[in-house]
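Structure first, then comments.
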């Protein structure tokens, strides 16, 4: 298996505060990797660095042999990396259908002028997008909610829609930030299956931040543990579960494992 | 050289009045994160109150002055109640506040035109026009009074903000309105006080401004320049507003003195754009990074 | 009220509508607020007038040049200030609008602050209507395309837009330029309706008025903007007999709208054939429900 993403000595400082320090890890293509650690360990910061929302202070982020650190977020999305957010960021006033349709914009290339004069290129382009959206709605089981405004969807479906929207980009690497937050055990199990199904059907690589240990231990090929912005441990789920350093860190913060 | 010094002194005097107005914009911005364009209207009403108390009621200067300040303060607080509080309770986006403020400003300006009329009115002369002579430099008595009153008012404001419990609460609320609510600060009361303080200073500034120039309904537009000064210094920062105002006052008088008074207004707006481009957070403002 | 008077009101409404449509794209669909659109109108007005008066260009072509000039200026402003956050962009546009006006005050070539009389009166009801129809069609087609959707995505959630690969800055620029072009053409039409130009016509209050109309109609609704432009331009004209009091009422109603119906007249909905059909079927289904259920608790 080849490496799709690599963080090399990545450091991010805010003022004098080091949020992420000298971070190194690799993500293998077609794998599901987990990123865990107590609150404030720097997990979301790493996602923000990979997706270009923050600039790195030092170090390299390499995606498919290209350095992507400090690139504009939309260009990084262009290269095939996208994500979901811990505090769901949907286009709230648009419907489920429109949310996904908007994200499909890549898969056609008509210009502003084409749109204004409604020519053939525009029509065939839109048709292609509509088909793609319908396919995604089917797979993600959102078809019956397609005309519901995103803000009115139940919480679980909002998370699901956010994943659907990300998939509309046909990404190579998908970052999920606490996809199971606020879900009950039943929903979490469903989500686990969905994540695995997505990986197989869309041929993509996943990096997941999660506090639900069942989910991490259930689906991840590899786990990276963070603490205070540093890498504490890295390995298979088994290795992590028996690693004394991890146990110590987690016992110190009892309320984190839920 | 003495001509230059003369310009600087004139600049300082007008700058100090800008500062009185600018702190009103900055105070509100620091707590509520929007530009209160109705502030100009409050300044104008303050100027009119002072004018009528001194002419129609023939009150002495000091009394008229104090009553104008109180009147403007009351007006500012009332405006907050009517035009902003409902928006605040609903967590409306900042633009709604700005539009509401613009509505208030249109309302105030035109109610004055409709009732009192659009004519320019001149304050009765309180101070002799013979200036103090300091060597080659002359300092108008009114200018000196403006400078002293503005300075004293600003010092009082700084004292309230820095040394009193209420001031602490204002600073806490400016830092984080949510956190301070959780800590038991009554934000409604703080906002009431902030508008009151801003309004009182607006009244003082209005009277001074009216005495220096004239009183007319569109005075509010001139006060737009004090808003520029607040942006210049960094919206939300009180020292920034004061420094920005003094600088703007000096730059303006120098422009008028050495180029042409026609460019005096233009330079202010050009300066505004330039500051926004090179240093959007102003001289003293803080830059924040968006959180995902 | 004679036809000439009514026609005058309709032309003014149409001119305002053109500028409002542009602002609607920027504010209602892209989520950017501007207090400088009077400035773009001024650029368009003076450019168009220069083309017809000094260069004898045909009116339609001159309007296009005016629109283009406004768009070009907007791109420069946008390049410098569009990456500012929230109300700082808004303040920058305000500064720009006022600066344009004050510069024009000092340009003697255009008559300075005293004004510029003798501009041919070429704007009539007919060309105002034609321009507005074209403007609405362009706007609707744009909004119902991937480009328009990208703009709406930016309005809804800027960070998520970037994450799905939208070049936020580019789309803000496109939106601003189109919006300024509309304002520019509107300015050109205004110049050739009044036959007279003065920098005072493009004060901050004009920009405010345009934004108020967009909000009154409902952000993100083209039909709302259309109704808003017609109602809010003609009302003050009809109320002209009340003279000074009308602006007092105007100011008070702006506050009233903000605190009572912030979503505007249309609340983001459109009046379109499909929506009317939907509404009718919705009402009839409600009626049916009532007959079957007996309407006990709904």
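Note that the chains are named A, B and C in the order they appear, and that numbering of residues resets to 1 at the start of each chain.
One rule holds in what follows: a contact is a pair of C-beta atoms (placed from the backbone, for glycine too) under 8 Å apart; a residue touches a chain by one contact, two chains touch by 3 or more.
Being a predicted model, the structure only gives us computed values, none of them experimental.
K.L.:
If you tally the C-beta contacts, which comes out ahead, B-C or A-C?
P.N.:
Pair with the higher count of C-beta contacts: B-C.
K.L.:
What chain is the most remote from subunit A, judged by the mean position of CA atoms in each chain?
P.N.:
Farthest by centroid: B.
K.L.:
With centres defined from CA atoms, tell me which chain sits nearest the overall protein centre.
P.N.:
So the chain sitting closest to the middle is C.
K.L.:
Taking each chain's centre as its mean C-alpha position, how far apart are subunit A and subunit B in Å?
P.N.:
Taking the mean C-alpha position of each chain, the two centres sit 48 Å apart.
K.L.:
Please compute the C-alpha centroid of subunit B, do the same for subunit C, then give the distance between them in whole Å.
P.N.:
Each chain's C-alpha centroid was found; their separation is 31 Å.
K.L.:
Quick one: subunit A and subunit C, Cα centre-to-centre, how many Å?
P.N.:
Centres of subunit A and subunit C (C-alpha means) sit 39 Å apart.
K.L.:
Where in subunit B do residues touch at least two different other chains?
P.N.:
Residue numbers touching two or more other chains: 290, 292.
K.L.:
Can you list every residue of subunit C that touches 2 or more other chains, as numbers and ranges?
P.N.:
Subunit C, residues with two or more chain partners: 159.
K.L.:
Residues of subunit A that touch two or more other chains: which are they?
P.N.:
53, 85
K.L.:
Would you pull the subunit B residues touching subunit C in the complex into a rising list?
P.N.:
33-35, 82-83, 86-87, 90, 92, 94-96, 98-100, 102-111, 113-114, 221, 224, 228, 231, 262-263, 265-266, 269-270, 272-273, 276-277, 280, 290, 292
K.L.:
For subunit C, which residues count as touching subunit A in their complex?
P.N.:
138, 141-142, 145-150, 152-153, 156-157, 159-160, 162-168, 174, 220, 268
K.L.:
What does subunit A use to touch subunit C in their complex?
P.N.:
Listed in rising order, the residues are 51-53, 72-74, 77-78, 82-83, 85, 89-94, 98, 101-106, 108, 110, 112, 115-118, 122, 125-126, 129, 165-166, 168-169.
K.L.:
What residues on subunit C touch subunit B, complex-wise?
P.N.:
33, 80-81, 84-88, 90-92, 95-96, 98-99, 102-103, 105-106, 159, 204-205, 208, 211-212, 215, 244-245, 247-248, 250-255, 258-259, 262
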